[in-house]
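Pasting the structures in now, so scroll down.
Presented sequentially are two complexes of chain A, the first with chain B as partner and the second with chain C.
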Partner chain A sequence: MQNDITDKVMATLGVFVRATVYVMLILPAVIVVIASLTQGDSLSFPPKGFSTQWYSNAFASTPFMSALWTSTKLAVTATVIVLSVGSAAAFAIARYRFIGSSLFQSIALSPLIVPVVVLGLGLLQFLSWMGFSQSYLGLFVGHLIIMLPYVVRTMVTGLLLLDRTLEQAAMNLRAPPFRVFCRITLPLLVPSLITAGVFAFVTSFGNVTLSSFLASSGTVTLPVQIFTYVEYSYDPIVAAVSTIVIAVTAVVILVIERAVGVDKLF
Partner chain B sequence: MDKNTAVLTLKNLNKTYDNTTAVDSVSLDVVKGELLCLLGPSGCGKTTTLRMVAGFVKPTSGSVLIQGSDVTNQAPYRRDTGMVFQSYALFPHMTVAQNIAFGLQNIGFAAKAQTERVHEMLQLVELEHLSKRFPAELSGGQQQRVALARALAMNPAVLLLDEPFSNLDAQLRVRLREDLRALLKRIRITTLFVTHDQEEALMFADRVVVMRSGRVEQVGSPAEIYETPATRFVAEFIGWCSLFEGVVDGQGVFTTGKSIRLPLDHKPGPATVIVRPEYVKPAEALGSGPVFEARVTSNTYYGALCRLRLDVSGQEVLMEAHYPYGHGPSIGDRIEIRIDPKGARRLPAH
Partner chain C sequence: MRNKALLGLRGQGEASTAWMWQIAPTVMLLLFFFILPLAGVVRTSFYPGTRSFGAEGFSFEQYLKVILDPFYRSVLIDTIVDGLIVSMVCLVIGFPVGYSLARLPPKQRRWRLILVILPLTLSLVVIVFGWIVILGRGGLVNQLLVSIGAIDRPIRLPYNRTAVLLILVQQFLPYMILSVMSVCSKIDPVLEHAAANLRANRFTTFRRVIVPLAAPGIVSGMILVFILTVSAFVTPRLVGGGNVQMLGSIIYEQVIVALNWPLGGALAMVLLIVTSIVISLANLLAAKKFARHRSSANAK
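Up next is the complex of A and B:
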């Protein structure tokens, strides 16, 4: 009986805590979306009236749109590159024993541990010494570095969980190594690749710290643009831009969910 | 054995890892249509041997010949072997039909021929109705049959089975074993299979190779292995038996120091004799043979029969007997037993 009461109290508390967490996670996004629909010209909640004028303003704003384009281009190309580089590294780590393999893995994962500010500062100095400062290439390389650990970790796990007897079975069925890779290994790694890709994309797309160190006038990313914008202005255009970003992200997740199922990803 | 008919030949096969020897000078011939079993406890090198035939493990020395040609240095995907893995290793992202067709595509079957062959194989293992299912949607027994169909579709020179029944429950195992044996015999495929289960080896194989610590202990038909084991290890690993150490005298009588006396028509000298438990019976159940007084030290009930451990003046004797319901002896009881001298086998001296 005593246990019953304790159980019930704990269960109720659990529901409460969960509800709080979900609300705290979702509420900021909801507030931004609602605030973006204001008629007034300052960011406030609840909004004054209803209009979509800030969306037309956002789409008409060259700084925001070019920043959105820069961010998207950067995140997409860097994701493609980091997936190939990171998967190759993961293959080496998961499948081969070589001298310094654990050191290699630690280096690949180190951007997770080193504070991004430190990394940004270091890269800034390094790139200017190399003559690449304030260039798109420098920004690109910086993003690759912070995306890499997510890809390596996800792909190493995916490879270690892959049953290698499947590859042997394919070989036994007369498939040469490249065919085994294309028909067996790669298809079975698709969920891991998508997970790694989502992590990498989000890491690049949302990064402020590193981008603000490495961005120049021509290569301002969207988060940096938003960040600098709100420093001197507080109009609802940022809310509208943020809502666009939320919508795009939601669509991407939805498409992946339809294609492979999100439960398989994480 | 006629060398020309050997489909698979192992010559002096060795495999050493660092300082441990996994397989030690194994030589074998498997003839066309034969079911040969590698039997032994885990770590005896049987699986390593199988994997060397498939090409997944490279021998340290020695050679593997398939249909007369040396494949020792050939990659796995160039060898004419079909393997059924212990875990079946079905491709989870392909349907049953796609799993079977995979190998056919690799050896250049045209689309139409593929479909026909897949259908033929599914008929053979009686799974036509499941061709569009994914492996995860099949039972263990069905998965095993798909794995078999996938290997057989390639019409390999040698079929390799790695503990094919170990993932199935006991009842299913017995039935599938009989079915599979009948099927393999019908299509006359040369098969090398690995197991640690002696019952499986005896009922399934035409010839059994007993392995221990990487070496071949004995090769023979199931009956030879069971009835006339070559070594003490084989005697003890295959089934149950009593072991007597003693001497054969000039009159053809075998005696141990502990009052076992059995007529044994062998040349005089020290001898190790084994007696299978079915040759030991309660005195009243066997017409002739020497009678011994025994004390029951354990009695395990197996349904159709009981397995008893008996103490005959300090010598352990094992007996299998049927007792009418409620009449089995209890621990500590004194009973009279007879040992059928026909069941006494002298182990070859080493």
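Up next is the complex of A and C:
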């Protein structure tokens, strides 16, 4: 009998905790979307009336729109660069044995566990010593560093799971190396490349912690713009801009779900 | 032949230097924009004075200030305590979710997983803003409290430590859930059935079978949440205002607002040292505590 009671309590508690957690996880995003549709001048919940006026305001706002453009440009270019650089490194890790291989891998993954304020100060200072302060370069390389671990990890896993007998078969059939690479290796790696690319993209697009150290007046990203705006005031225009960020993130996740399946990510 | 090696198509055992070309760009990137900048922070933390540009000399001035000044010392201790609280809460409420995700059939898992990944990939500042709308003067919580008659007019809710910690828990929970999920999906359900056959109730099974086997995921999840919490500065700044100081926010302030890089550098080094100590302690404890459990579980 005692077993039954413990089991029932644990089962009920489990259901309760899980429901609370899922609601809590999605709540901020849902509330922001709803609050952005208000008619009033102040943020309130439930919103007063329904209108899309704050979206017109957001699209007409030069600081927010130029920040959105900066963020998009930065995320796209950095993703392309980090995918090529990181995948090459992943090839070496997965396919060659060399001295320092595991050390190299752990350094490439370590930006994940170094506190971002430490990296932010380091990069800010190093770039100003080199004479590149207040430039787009700082933001760009900073983002490459924090995207790198996702790319290296995903690509190494993808390469280790790739069935190499297919490549060997192609080579036995006298396909030249470049052809084997393009027709066999690359297509098999597409799911890993999509996963790595999407994670790199959202990491860069949403980043505020590192960007707020490296952004300067000419290179403000959207999350940094929201951060500085919310520090002094908040009105529904931030909700509208935030909804744009939520929409981009949601679309990107759905792309990964369609192309690879979120199930296979972890 | 060289082409073949560069494309990673050589057979095993064939000597090649292609890996050098493959890692070269990443090595340069990490060297110039990761390792050297971190070394720069070490150097700056030993500058005397408050000048950020063209500073010279060597002293322990900044470190003494961090250790001796009661303000910095209390912020340091508070931040470590916050990190422990947030990682414990994340574990307690994240574990059931991660475990159930690991045991669900793929179809039901998909949408729940999206609910977990969305806040993980969504910009932090948007999440914090969402919480400000929830907890703020005209927000959801206030409206609820007024409508049930608990309070007469809206009160000012955020701007305290509890709110900051609540929001940090929500932000970092996905890391814990995914970490637990990935280890739990590797635990064979047969072990749990075996425990149930031996008349262990759910709690005993949980304590004696699941926890020891899931320990690596629990530890790595907690470490990640701890690091993210102790270096957080966006949430304390936006929600805590000036009332809640955390190590991350005072480093940000010294570096960006006060432009005192030597002090900021010393604080950053202290943060780095604290996180390294916590990581090694956690790994050590886990290795000691669960090595015994695991070997006995395996023996059974």
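By our rule, the second predicted complex is superposed on the first by the 233 of 266 C-alpha atoms of A that agree within 3 Å, B and C clash if a C-alpha of one lies under 4 Å from a C-alpha of the other, contacts with A are read in each partner's own complex, and residues count from 1 in each chain.
Here is the rule we use: contacts are C-beta pairs under 8 Å (C-beta built on N, C-alpha and C of every residue); 3 or more make two chains touch, one makes a residue touch a chain.
Remember, predicted model here, so these are calculated numbers, not experimental data.
When the two complexes are overlaid on chain A, chain B and chain C sit side by side with no clash.
Here the apex is the CA centre of chain A, and the angle it makes with the centres of chain B and chain C after alignment on chain A is 90°, in steps of 10. Of the two partner chains placed by superposition, chain B and chain C are both touched by A:171. By the touch criterion defined above, A:209 lies against chain C but remains apart from chain B after alignment on the C-alpha atoms of chain A. After overlaying the two complexes on the shared chain, residue contacts for A:131 are found with neither chain B nor chain C. By the touch criterion defined above, A:163 reaches chain B but does not reach chain C.
In the superposition on chain A, A:245 makes contact with chain C only, not with chain B.
Look at A:43: by the touch rule set out above, it reaches chain C but stays clear of chain B.
Annotation for chain A, partner touching more residues between chain B and chain C: C. Once chain A of one complex is fitted onto chain A of the other, the partner contacts of A:183 are limited to chain B, with no touch recorded for chain C. Note on the superposed arrangement: chain B and chain C approach each other to a least C-alpha distance of 6 Å.
In the superposition on chain A, the residues of chain A touched by chain B in one structure and by chain C in the other are 168, 171, 177.
For chain A in complex with chain C, the residues that touch the partner chain are 2-3, 6-7, 10-11, 13-14, 17-18, 20-22, 24-29, 31-32, 35, 42-46, 84-86, 88-89, 91-96, 98, 104, 107-108, 110-126, 128-129, 141-142, 144-145, 148, 152, 167-168, 171, 177-178, 180-181, 185, 199, 202-203, 205-209, 212-213, 222-223, 226-227, 230-231, 234, 238-239, 242, 245-246, 249-250, 252-253, 257, 261-263, 265-266. Chain B makes touch with chain A in their complex at residues 54-56, 75-78, 81-83, 85, 87, 89-93, 102-103, 106-107, 150-151, 154. Remark: chain C residues 3-4, 7-11, 16, 18-23, 25-27, 29-30, 32-38, 40-41, 44, 52-53, 93-94, 96-97, 100, 106, 109-110, 112-119, 121-134, 136, 138-140, 143, 170, 173-174, 177-178, 181-182, 199, 201-203, 206, 223-224, 227, 230-231, 233-234, 237-238, 248, 251-252, 255-256, 261, 264-265, 268-269, 271-272, 275, 279 touch chain A in the complex.
Touching chain B in their complex are the following residues of chain A: 163, 165-166, 168-177, 179, 183-184, 187-188.
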